[in-house]
Every structure is written in structure tokens, then in C-alpha cells.
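What follows is a pair of complexes built around subunit A, which joins subunit B in one and subunit C in the other.
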Partner chain A sequence: MAVNTIIPAIGFGIVTASILAVAGVGFTLQFGVTNILNLAYGDIMTAAAFIAYLVTSAGLSVWLALVAGAAFGSVFSVLLNRCIYTPFVRRGTRLFGMIIVTIAVSLMVQNGLLAIFGANFFSLKMSRPAPVHIAGMVFTTVQLAIIAIAVVAMLLIHLLLRYTKLGKAMRATAADPDLARNCGIATDRVIDLAWAISGALCGLAGVILVMNVTAFTDTTGAQFLIPIVAVAVLGGIGQPYGAMLGALVIGITSEVAAAIFNPEYKDVVAFVILVIVLLARPQGILSEVATRKEVAA
Partner chain B sequence: MRLAVTALAVALALLPVAACSSSGGGSSSPASTLVVGEFNPFTGPDAAFGPEMVGGCIPAIRLINAGGGVLGHKMSCVQEDTRGDPADAVPAAQKMMATETSLVGVLGPSSDEALATVPLLNTGHVPMFVDTGQAAFDHTTDAYFWRITPADDVKGYAMALWAHQAGYTRAAAVFGNDAGAQSDVPTLVGAFTKLGGTIVYNKPFALDQSSYRSEVESILATHPQVIFTEVDPQTAATFLSELQQLHGLLPVIGTEVSLQAPWLKAVNTAIGAASMAKYFEGMQPYAPTSGPAWQTFNKALLASGSKVPQPSQWSSDPYSMTYYDAVNIMALAMLAANSTSPAVFNKDVMTVTEPGSGKTVVTSFAAGKAALAAGKQIQYVGAGGPIVFNQWHNSTGAFEAAKYVNGNLALVGSVSAAQIAALTK
Partner chain C sequence: MSVAWQFYISTVLIYLGVDVIACWGLNLQFGVAGLVNFAFIIFQAAGAYTAAVLTLGPAEPASQGGFQQYVGGAHLPFPLPILAAGLVGGLLAALVSGVTVRRLRSDYEAMVMLVVSLIATSVATNQVGLVNGPNGLALVPKPLSTLVNLSPIDYQWVFVGLTAAICVCVYWVVHIVTSAPLGRTLRAVRDNEQAAAALGKNVTGLRMLAFILGGVIAGISGAVLVEFISAWSPGSWLYPETFVYFTAVIVGGSGNNLGVMVGALLVPVAFLEATRFLPPFGPPGLIDALQWIVVGALALIFLWFWPRGVIPERRRRFPVPAKDEVPVGTGK
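And now, the complex of A and B:
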């Protein structure tokens, strides 16, 4: 296979990885702190994309649409947790039960979007300038913007987790919520903030996803959920740095596979790698310990 | 006592069986409303199919009821959502047959659910006017199966002929990895090769990915002159916009899927109206928007705004026309057989459509009803043109190529049934 096919594919993989990284880190952060496997995540991404669509349709900048999408994802996620998930957790709903609740929320959000916007395809109104060639790879300016957004988001998450009290509190809550509470950490507030931050990443991911795919519908985010879960599992569920690494592996592998093999199997190749990695390291690439804990509330 | 209990148990056990058989094979009670099931996806990825069907069924029912109905019965269209998934379609078919006691036929199923539900409907003696294009039904012996839209493999011939007429000799085949899209590919490849062309790229696409940039690079490395395609709107919009951004567009020839409103809207927004008009053409069954049958259909359609949202969008839709024709054919067959029982009138579907000397050609239900009442034999010629079923209940016509210009479809040429027939020999 010619190098001039693989090198561009790696470039394309970096774009896909950028979207997956933002989405995957949000997803895994959410699960890591709250232990709720939120399968409505993809639908919240879609809802944020529709908010961005409304913003750009009103003639406002796509940058403002990104902020609006992230803000929506953040607020919606906090409200979702407080109004729906937390009452279930407080009534003793366990991990599997919560998964069913999140599926119900997913269906409600998806059908709500269908009722509001209809079964149509939508596009963000934004300019799409000519491509740029960098080291044998081809990017559009939109894709370069997506990569930059992902890098900045990952840096901010790194700074938050490593160098702030909130980050330490989140890590402590993720490791053992009861112990964290007994140590004086306001875990309720930490969990709220975890939903807010992960929700913002979710909203941001939804907007950059539809910036990239051009046309989207009420199921676009849900279709993207499986690779997001794969990224989180590959990196070690609950491990933001693992999700970043997982996003790179899955993003680049799937694009290179599409260039070399049959594009029909681009997902299959990525998931074969996922299975192989998990056979060797069941806890994921970066997770030190496979945690066994219940839902935090 | 024990005998009475046993008899009651047997009677109760046989009750659903009796109900099911009466739905398909029995006559309707006097003055009951005869039901035509719109058996297609109304939700899910192929949710666009259902409204297209409504755009054909409602105008037909409107005219039939205005014309006094069928043997004293009014008719109605009832939506049965298959969700485009056999897992949902099978119970939907069973429910429909069990609960719609005056069911006289269905429109559908589509390719999404046909393999799972055609046998059920056939066993239940329910005439079905399918919109599936699957080649598996090219030689079906199911008596209640009727197809008045061309099979998918015929579509492949039409696309190859159209590209050949335009002078293209190198083509890329970009089809989704779903069964419906893949059923187009073998005949397309075979026909294009037979015409002297080369398919330089032919790999199924995984649908609804976030990116197709690697596929774009692989395709361009093979230097095609034209792209044949059938993928869903989201995939098409992403793929074609990336092709446009990275290297510039190539001529694209799509199937009739690409001439449906959601596809056109998504891709038009993604690549821009000017590029759409310049590079894109779609092939669909030839359905002339002229002639007395079409005028009757269109007038009834446009008057059905209360039940058909934006009815004008279906005026030139060949599938809406064939659904309209299917309902008329069923109604005329019932009149010809003097029975509303599907088991009785099913054979008359052929009788009222096949050409023959001395037959009166009719282009509407009202004209057909009047001719039958006068003791004449009829040939119904529909809004979609003449319908001539072969021994396997398939009827195939010509194809037209259309462009999307200024928000409207414009006819740019056609491939005749004779050209297709010559290629299939």
C-alpha cells in the first residue's frame, strides 16, 4: 500500500480522533465520577448540535454556536442528573437499572428532537474554505479548527484534573465516593460539577461532530455512541487520559483501515483492536485497577 | 360438563385462527370500510418511505369514495409502521392481519422488511403491491405478490446505460453496505462492463460515519470519471462534501433514493446548489407528469392537503404514482370479480391491467367502474404508465434521469424499457 495513501489517512484519523477524544473524555469522566453509564450521551450531543444549528441559522458565528452547544450540554446534563438520575439512585436503583433509565432518556430525547425538528437533515450554516496540505496530509480549515478545539479541551481537562482542588476532589470521588464524603469532600457538589463539565464536553463534541459530517439528523449522535463507548473502554473506563489515547488509536486505525482494506470494515478493524487490547489488559490501557463500585449520589 | 368445557376450550382456541383467516380470505361485512394497509417505514432511517406512500394512497381513496366506493363499501388507508426493521415489521404484519378485519390489500413492504413479511402476507391471502426492489422476488411464485416498480437489478442496468450514453468508461461504485443498496451492484457492474466500461472502485460503505476522507482518497487514486451511488442522505452529504472540499466533485449518478426530498435537501446544503445542478443526476422509474391518468392523480393529490402534508411534493414522485395506481387496481379488481374477498379478486389484478384486443383502456377508477358496469373488459393504464405483469407478477418500465435545479427536479433524459431488455439478454 502506497505511503501517499496511508499518510493522508493518518491525517484524517487525527480529525476523527479529535472528535472522539472530546466526546470520549466527557463520557468517561461522567462515568468515572458518577458511575452512571449514560447511554443518552449521544442524544445530548445531537440536542447540542441542534442548538448550534439554531444559532448559525440566526446568522450568528459558528464559534458562538460552539459555546452555545457546550453551555446547553452542561446545563442539560446537570438538570438530567438532578431531575431524573439522582432520584432513581436515591431509591436504590443499581448500575444495570440505571443503564435502562439512561436508555429511556435516550429515547425521550431522540423522539423529542424528532417531534420538534422533524425527520429531516440539517447542516450548520458556516463557510467551508479550501483545504490545506500539511506534511502530506490534507485538512480543511474546519478540520484544523476541530483539532485545535480538541487539543485545547484536553489541555484544560488535564489542568483541571492535575492542578485544581476540584480535579483532586473529582478523582477522590471517582475512586471511592463514601470515603471522599467522609474526608469532608462535598461530593454532591463535585458530582454536579462533574456533570456540568462532562456535559459541556458532550455538547462541544456534538457541535464539532456535525461541523465535520455536514448533514445531521436526530439520530446522528446516537450513531456515534458506540465508538465513544469503545474509546472509553479501550482507555480504561473512568480514565480521561486513557480515553484520549483510545481516541487516537480508534480514530487513526479506522481511517487507515478504510484506506487499506474495505471501508465497510473500518469499524470492525477498530473493534478487533479493542478486543485484542482488552484480552491483554481487561481494565483498559491506562486503568490501574478495574473498579467495582456502585452508583455515586 | 367436562365435554362442554373441552368444547369451549377448543372453540376459544380456534377463534384467533378464524379471525385471521377472515381478514385475508373472507368477504367484508355489508357497508364496512375496506382497508388498504400502508405497510412501510414511517419512523427510523427510512421514515421518508411512508409519507411517499400516503401521497399515493390518499388521492386514490379520495376518488374511489367520491365515485361511490366499491360494491357499496367505502375505502380507507391505514398506516402500519414497520420501522424499516423486520423485528418490528413481522409483529406489525401479524397485528394488521389479526385486527383489520376488512383488510383488502397492502401497499408495501419495502426492501427493509420484505423478505420477512412477504411470506406472511402471502400465507394470509393479502394482496401486496410491494415497493421492494430486491431481485429475490424477480421470479417469485407468491400469488398475492405484485410489483409495479422496477426491481433493483433493473435499476443497475438503467444506471449503466445512462453513464454509457454520456460517454463514461471508468466508474466508481459507492453503495451502502445495506441489502437494498447492495442489490443494485451486481447488475450495474455486469452491465457497465458489458457496455465496455470499467468499474475501478467497488467497495461497500459503512453508513453514517463521521468521515469518508480515506474513502475519498482511495476512490480518487483509481481515477474514475463518474461515481454511481446509493447511500443514505447523511452519508452522501458527508462523502460528497469531503470529496468537494478535498479535490473537487466528479459527476454523480444516483438511484431513485437520491431523488427523494431528504437526500436532495441534505446533499444540496452540503455541496451547494450550483454543484448539485452541475454534477448530480439521479435515475428513477419513468413516470411522465402528463397524460389523463397523471392529471387525475395530481388533481386529487393537490386536493388532499388536509391528509397529505405539502401534497405537491409528490406530484412527480413515481412511487406515489404507483401506490395510487395500486389502490385503483385493487378496487377495479374487486369490481371485476364482484367480490371484496382477496382470495377471489386477487387473480383479477392481472385481468384489469393486461392489454388485449377489444379491451377498453381506462385511466381512472371512475372510468374503469363505468366500463365494468357496462359489461366491458378493461385495461387500466395508471399515472405511472401502462402496467404489464409477467408470470411472476413483476412489471418493469423505462427509467428517467433527473437533475436537481433551483429546488426542483428536471427531467434530462430517459432509458427505454427496450434498451434495458436488450442489455439483459
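And now, the complex of A and C:
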């Protein structure tokens, strides 16, 4: 296989990995802290993308759209957890029941967007991107911005988790909620904040996802869900650093596979990685938490 | 009754039959054995494709005017395509369960199945030579239509009878399975896997058995459906369709065959048919979108208020044996 197909594919892979990293870290944080596999995550991304679409259509800048998308994702996620997920968990809905709940929410959000915006293709109004050549790879300025946004977001998350009290509290809650509560951590507040932060990443990911495509629909985010879950599972549930690594692996592998084989099977690569990891090493590549969370019996 | 109404009612009855069969299959897997098969719809799809291909006859190459490509075409007489569909559904289930029925946490199991469902859709859509890709198969001849010379409406009623007969057969099987010791063992595995294993039950084997039986039943339901509507494409079996069946099983009462039948009547049939009688409003696609929102809401409402469904699973009580009595089932 010629190198001149693979190198540009790695370039695409880095862009995809950036989007996946933002989305995957948000997903894994929230799953790690709350233990709810939120299958509506992709649809919240789409909803944030539509918010960004409204902002750019109103003639405002795309940077403002990013902020609006992240803010929307944050607020929506907190409300979703407060109004639907937590009440169901308190009522004793078990793991399987929660899957049905999150899929129901996913279908409702997706079809709600379809009902409001209609079955059309949408795109963000941005200034025309210019191509930039770096080491045999071609990026547009928009793609470079996406990579930069992802790097900044990852750095912020790193600082938050490593150096703030909240970060420590979140890690403690993820590792053992009962023990954390007994140590005087207000786990309810930590969980709220986890939803808020992961929701912000989710919204941000939704907006950068649609910045990178020419057009999006009501199902764009949902189609991205499986690669996100693959990233989170590959990295080990609740392991933000694992998710960052997982995003690089899955982003680059799927784009290179698309260049070598059939582009139609780009997603299948992520699917297959996910299934193999779940069956062979469900605790992920970097995790010791997952085994305690009974992910793997 | 006017002919139009007869057509409508017979069509609804056939759909009901198909949904009831499918829900019994899913109930066997989910309600009785506790398997979270979010790829349920692909077994129905596999059955439908099998029945279609085995009724259509060998594919004609495009150069001779053939407009659809598929593998393994044959002209088999009537009941054989349906039986073959059950067989293929079961084989596919054996394959999938051999790889996936492990001891994963149930939300992860659901996730794996969801992914399997998406992979299947992707393969069926992109491997055009397999089952004619995104366009799917069409013009599947109706069973017995060349043998019996009936008016279209009489044929509809014949098909209703046929569907009912298949329903009875499937019910007989699921009833036997669920009321026999096998059903009790499956419930035991569902409720407390460790305890069942400690009593010497082959937990993995039992789960696989339930999965395969459910796959056979799903395949049959797909076959009946495709023989009736005579077309089948990837658009007919996207993963949200599985969610409809899950909603039906939960609404009806998971673990209870009768309840599940009521669920099939309420959710896929009554609920989705009712919108036909609404005057059309809004842009195209709006009613579909609202339908999905309502199905999602229905699932949430039932999980909140009646998580055991309309007709809950019967609580089984067994008398405590007297001291000097030998307990039933200890053998010797």
C-alpha cells in the first residue's frame, strides 16, 4: 500500500481522534462517576450541534457557537440526570432497565430534533477554510482549530483531575462512592458536577464534529456513539487518560483502514475493536477500576 | 364489511401475528432467560432474507435482465422457506451467542448486541452481492398463490389462517419450554446465576439454548413477514425496531407469554396503527418522529409505574416438603 495514501489518512485520523478524545473523555468521566451507560450521549451531541447551527445562522461567530454548544450540553446533561436518570436509579431500576431508559431518551431527543428541524441537511456557517500542508498531510484551518480545541480541552481536564479538590473528589467517587461519602465528600454534588463537565465536553464534541463535516442531520451524533463507547471501553471505563489513548488508536486505525479498504467500513473498525475489547479485556487497557465495578464478572 | 376494511383488518392481523411470534422469541431470551439481546431484529432479518431468497429462485445476472443480486437462490415449495428461515435464525444465533454470551454486565451485553446489530446492517448494505445491498429484495412470490386460485381478499384471509397456525405452533413450543423444568431452570439462571451454577446447572449452555431458540423463532417471524409483504431491505430492520419489541415485552409483562402477546397487540400494532387514522399534519416525517417519541415515552412510563407490565409474570410458589417426605426432584 502506497505511503502517499496512508500519510494523509493519518492526518484525517488525528482530526477524528481529536473529536473522539473530547467526546470519549466526557463519556468515560460521566460513566465512571455515575455508573450509567448513557446511550443518549450521541443525541445530546447532535442537539448541541443544532444549538451551534442556530447561533451561526443568527450571524454570530463560530467561537460563540462552541461556547453555546458546550453550555447547552452541560445544562441538558445535568437536567437529564436530575429529572430522569437519578429518579429511575433511586426507584431501583437495574442495569438493564437503565439501558432501556437511556435508549428511550436517545430516541426521544433524536426524533424531537427531527420533529423540530425536519429531515434536512444542515451545516454551520463559517468562513471558508484554507488548506494547510504539514509533513505530507493536508489539514484545513478548521481541522487545525479542532485539534487545538481538543488539546486545550484535554489539558484543562488533566489540570482539573490532577490538581483540584473537585478532581480528587471525582476520582474518589468513581473509585468507591460509599467510601467517598463516608470520607465527607458530597457525592451528590460531585455527581452533578461530573454531569456538568461531561455534558460540556459532549456539547463541545458535538459542535466540533459538525465543524468537520460538510452537512449533518438528526442522526449524526448517534452514528458517532459507537466509536465513542469504543474509545471509552478501550481506555478502561472511568479512565480519562485511557480514553485519550483510545481515541488516538481508534481515530487513526479507522481512517487508515478506510483508506486501505473500503471507506464504507470505517465504522466497522471501531465496532470490531469494541466487541473484541469487551469480550477479551472488558476492563480496558488502562484500568483496574472496571473490575471492581463488575463490568467483567 | 367493505373489501377495503377486510383488507385492512386482515393486514393488521397478519402484522399482529408476526409481532406476537417475534415477542415470544424475545420474551424467551429476555423475559425468561434474562438475556439482553439488542440485536434481536437481525435474527428476524436473517429469517426474512432466507425465506425471500429461497422463494425467489436463483438470481438472474444483470445482463439477462435480473435487477437484484443475492446468494443461494432457490425455488422451494411453501413451508420449506419458513422452516429454513428458522434454521438460519438459529444458526446465526448459535454463532453470535457462541461469541458473545459470556458473563458480561447486562448493560455491556446490551452494548455488544447493539454493535452486532449495527455491523450486520452495515454488511448487508455494503456487500451488495449478498442480499442486494441497500435496495433489498423485492417481488418475493406469495406462498401457495400459484396453487390456490383465489381472489386477493380471500387470499388475505388464507394468509391470516396461515399466520395463526404458525402462531399456534410457536406458542406450543414456547409454552412447553417455559412451563417445563427447562423454563424453571432458565428463570433460576436469570434470577441468581451463582445459585443455579452451584446447583450444577450449565449456566452458559442454558443461556445459549435460550438464545438459539429465540433466534429460531425470530427467523420464523421474519419469514412470515417477508412472505406477506414480499419485500425486505436494510431499512426494515434498523436497531430501533428491536427497541419496539423490547417495549412491547416490557409493557405486556416480561416473562409471561400471555402478557407479551398483549404487549405485541398494544405497542407495535395498536400504537403504531392508530396513527394511520390521524389526519396527516406537518411536514413529511413528522408523524414518524412523534411516533418514536411516544414509544420512548411509553417505555419510560411503564418502567416507572408498571415495571412488571400489564400482565406480570406469575409468582411461583412451591410447598415446603414435610420433614419425613422425600422432596420432589431429588431422584433416587
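Note that the second predicted complex is superposed on the first by the 275 of 297 C-alpha atoms of A that agree within 3 Å, B and C clash if a C-alpha of one lies under 4 Å from a C-alpha of the other, contacts with A are read in each partner's own complex, and residues count from 1 in each chain.
To be clear about the criterion, a residue touches a chain if its C-beta (ideal position, glycine included) is under 8 Å from a C-beta of that chain, and two chains touch if they have at least 3 such contacts.
All of these numbers come straight from a predicted model, not from anything done at the bench.
A.B. asks: Pick one for A:217: touches subunit B only (first), subunit C only (second), both, or neither.
C.D. replies: After superposing on A, A:217 lies in contact with subunit B but is clear of subunit C.
A.B. asks: Check whether A:119 is in contact with subunit B, with subunit C, with both or with neither, and answer first, second, both or neither.
C.D. replies: It touches subunit B and subunit C both.
A.B. asks: Quick one: is A:100 in contact with subunit B, with subunit C, with both, or with neither? Answer first, second, both or neither.
C.D. replies: A:100 sits against subunit C, while subunit B stays out of touch.
A.B. asks: Go through the superposed model and pick first if A:74 touches only subunit B, second if only subunit C, both, or neither.
C.D. replies: Touch partners of A:74: none, neither subunit B nor subunit C.
A.B. asks: Determine, under the contact definition given at the top, whether A:30 touches first (subunit B), second (subunit C), both, or neither.
C.D. replies: Neither partner.
A.B. asks: Applying the document's definition of touch, where does A:267 land relative to subunit B and subunit C: first, second, both, or neither?
C.D. replies: both
A.B. asks: State whether A:108 touches subunit B only (first), subunit C only (second), both chains, or neither.
C.D. replies: second
A.B. asks: Contacts for A:226 in the overlay, against subunit B (first) and subunit C (second): which applies, first, second, both or neither?
C.D. replies: Once the two structures are laid over each other on A, A:226 reaches subunit C alone.
A.B. asks: Name the contact category of A:38: first (subunit B only), second (subunit C only), both, or neither.
C.D. replies: A:38 contacts neither subunit B nor subunit C.
A.B. asks: Output the subunit A positions appearing in both contact lists, the one against subunit B and the one against subunit C.
C.D. replies: 114, 119, 262, 264-265, 267
A.B. asks: Which part of subunit C faces subunit A closely enough to touch in the complex?
C.D. replies: Touching subunit A: residues 36, 38, 99-100, 102-108, 110-112, 114-116, 118-119, 122-123, 125-126, 240, 243, 246-247, 250, 282-286, 288-290, 292-293, 295-297, 299-300, 303-304, 307 of subunit C.
A.B. asks: Which residues of subunit A touch subunit B in the complex?
C.D. replies: My answer: residues 2, 5, 8-9, 12-13, 15-16, 19, 114, 119-123, 128, 130-131, 138, 140, 209, 212-217, 219-220, 223-224, 255-256, 258-259, 262-267.
A.B. asks: For the complex, give me every residue of subunit A touching subunit C.
C.D. replies: For subunit A paired with subunit C, touching residues are 37, 39, 84, 87-88, 91, 93-101, 103-108, 110-112, 114-115, 118-119, 226, 229, 262, 264-265, 267-268, 271-272, 274-275, 278-279, 282, 294-297.
A.B. asks: Show me the residue ranges of subunit B that touch subunit A in the complex, using the header's touch definition.
C.D. replies: 43, 45, 47-48, 177, 203-206, 208-215, 217-218, 221, 233-234, 236-238, 241-242, 245-246, 262, 265-267, 269-270
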